[in-house]
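The letters A, B, C and D name the chains in turn, as written, and every chain counts its residues from 1.
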């Protein structure tokens, strides 16, 4: 059974009444509950726990990590960032949500600034499915409509995704690549745009469906673990066994 | 000097007064004039000429072919379609414009239906630059705005582009991958969405700039012409010359 | 349960003793048996059956179609080719094997010549895993070695794959993109190089594993079926309901 | 005229007689001379200069930076790495050569380990052109053969390239994606495998041709400089000007 760790910065919810009304127990609880209901084994971790809740032991029990952060990206320690990125390269899935675009793990795995345009105007967003044949679009209509969304607009400074699953339309005139698949090392990464601390977006069933699909897609497989480094000892191919190995 | 052949169906302009007012001499003349001014050597070809104007001799003098068709895709003969596709695979550039998404050369080179949603509502379109570092975006602002456009919406049933340069936003609620790069054989293909027979879109300077950029990008290079078929005669590699060649 | 139809030209095996010794009942039986053992529900279809065994009823019961053809590509009727391509665009998976690179369904879905270099010299092939994090590489070592293989070499005239899972090394000096993923419409396509009528390659367990992985990957999902065409009736977005719809 | 800065670690050549015999003035001088002859304006910079020769003033005069490093990647200061990566995102081209796969700028821009297999056995390498229609393959044969090369083998732990131009075959049994295009921000990056301090590979005319092609391809264009951040002030779209901007 796929094990998911739902990570949340979990500060807005404790210090801001508007946010607390939407997510009284924290964004992570709403996401974890939805994923449990979808059949995953879930645990949560938050910034202000020791090791931000992401000890080696917790990550040993994590097939897929979801990440929501916003105001305290800098408070995430370098050691934990290295640990998370290393796990991704070893095969752990990573689902990066909304303002997590600026998180240390995501920007480091992308190698780009991950900057974008934004506007808080409670405007309509439509997430159009661009690749209906991709498993992350399973069970979704041609588009998901959100009545009140924060706008994120292009240019989104990311590497071109391996697969672009969703593109968002915003009432105010912008578009955004809002569902992006990547591989880094043996691990799979999905960036998914929707979500904001003051809009109840993670309560939306279609959004929950996409996150569950993404977790299933990002779960580690059983492919080979590459050997790196000096490869002198490879079994000789006929005809090349007479070469001089320095 | 790069030689461009501007192909046009050229029927709307001769039979429909509304279109004739916008393009009295035909869409091809407006595009060819813009490309001449941009420094390319241009000629035109239209559906009702012999061989649709695309004789072997004309194609011998064509580095890049631009294609606009709409109502008479089926009138394009199979032999000419084969000829065009073959030239593309040999290295000729192909720029497919607007309703050319349903043309025989484009659908055949894509291998997909190239279907889409559309609506004629004279609504606002914004073409956002998704890849500002791509040469087809040279000299363009962050977006190009067209006041009155026909809407094209996703799902656009194309193979995922090698590079996605533009994505369009439409007032009515849709998005569209409106600038898409592909390679087929040695040839480069660019699909560019804007343009409609009753809106003066090919008179727009930014649109002309993009088409000129695309022509420059799609012009054939000097890469190797692959040899295909039985490769018995390849020069032996040390150590493998003792193999039995059947 | 995923239903697989294993298609085979099935002529070499009936007319050539050398082939019959390796595949006495036909290549399709060996592949179908391996897929049954891997847990798929399988049926077979061959060229000389009515409709080449690919009636609408058979395709109604097909989630994934595997295709092996070599000497008789031209004998496959246009109507059946259209039917297969249409099913792929609707979501059916397609696994194209070895000399199927020149089959009508594959070349039509690719839009390119799919030409390559080849040599029959019973030379060593190594299929290196390029994307160890892709599900088609599950359970496979860093490379699969085949002692006696027909060589296929680059330039392989295909569109750049969406994902390149394997690249082959050949003793005689060539390389080849031997495991290539594509999407067309809602369907997933995997081209897999190994296999030849006179080498027992489909008896190899690693090769069987990859084909089974590919079938699982290509099985249709539950994504949206796009609506194409005139989209006047889309529910109005706030603020755009005053537009004139022609 | 495109301005190139050729960066070299330049330590092997000064401390190792074998290397000094192949590159008496340093690898950078051989590369810079070849690029000058190809028509570029060149300068050089090396590790042991102040700021590693990469001051803001030098980078102001740099359209494309080429990078060769091997034994002293860690000696490159963080500030200079940040500076180089920032320039790439702003549009500067970057050509990373051979053992530069492990350099700080490259690994940081890729977001992956960039690990690989290697073997020093003076074996034959063939660089096959995979995309003959790409400008980096201009003027090159179907493959470039190097008699004595260090082997680099897959798995090469990089993000899947936007375009794969070359794949190498090695006598000992490995393959390698040896010519890889990427974009990061507005900048273009090309990784090119050949080159080793004890083999005269940068004296090879075909290799020089590819590096010159890559410089031409990577030179910055004139695309838009994206605006990032709060986008409240965007000109209102008809129908959305009544939204509440927070």
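In this section, a contact is a pair of C-beta atoms (placed from the backbone, for glycine too) under 8 Å apart; a residue touches a chain by one contact, two chains touch by 3 or more.
Since the model is a prediction, treat every value here as computed from it, not as a measurement.
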Chain pair with the higher count of C-beta pairs in contact (A-B, B-D): B-D
Most distant chain from chain A, judged by the mean position of its C-alpha atoms: B
For chain A paired with chain D, centre-to-centre distance based on mean C-alpha positions, whole Å: 29
Length of the line joining the C-alpha centres of chain B and chain D, rounded to whole Å: 31
Chain centre separation in whole Å, for chain B relative to chain A (CA means): 36
Sequence positions of chain C contacting 2 or more other chains: 129, 131-132, 142, 153-155, 160, 162-163, 171, 173-174, 183, 185, 224, 226-227, 237-240
Interface residues, chain A side, partner chain C - complex: 91, 124, 129, 131-135, 137-142, 162-163, 171, 183, 185-188, 220-227, 237-239
Touching residues on chain A, where the partner in the complex is chain D: 89, 108-113, 115-123, 151, 153-155, 157, 159-160, 162, 171-174, 182-185, 224, 226-232, 234, 236-237, 240, 243-246
Chain A contact footprint on chain B (complex, rising order): 126, 128-132, 142, 153-155, 160, 163-164, 167-170, 173-175, 177, 237-240, 242
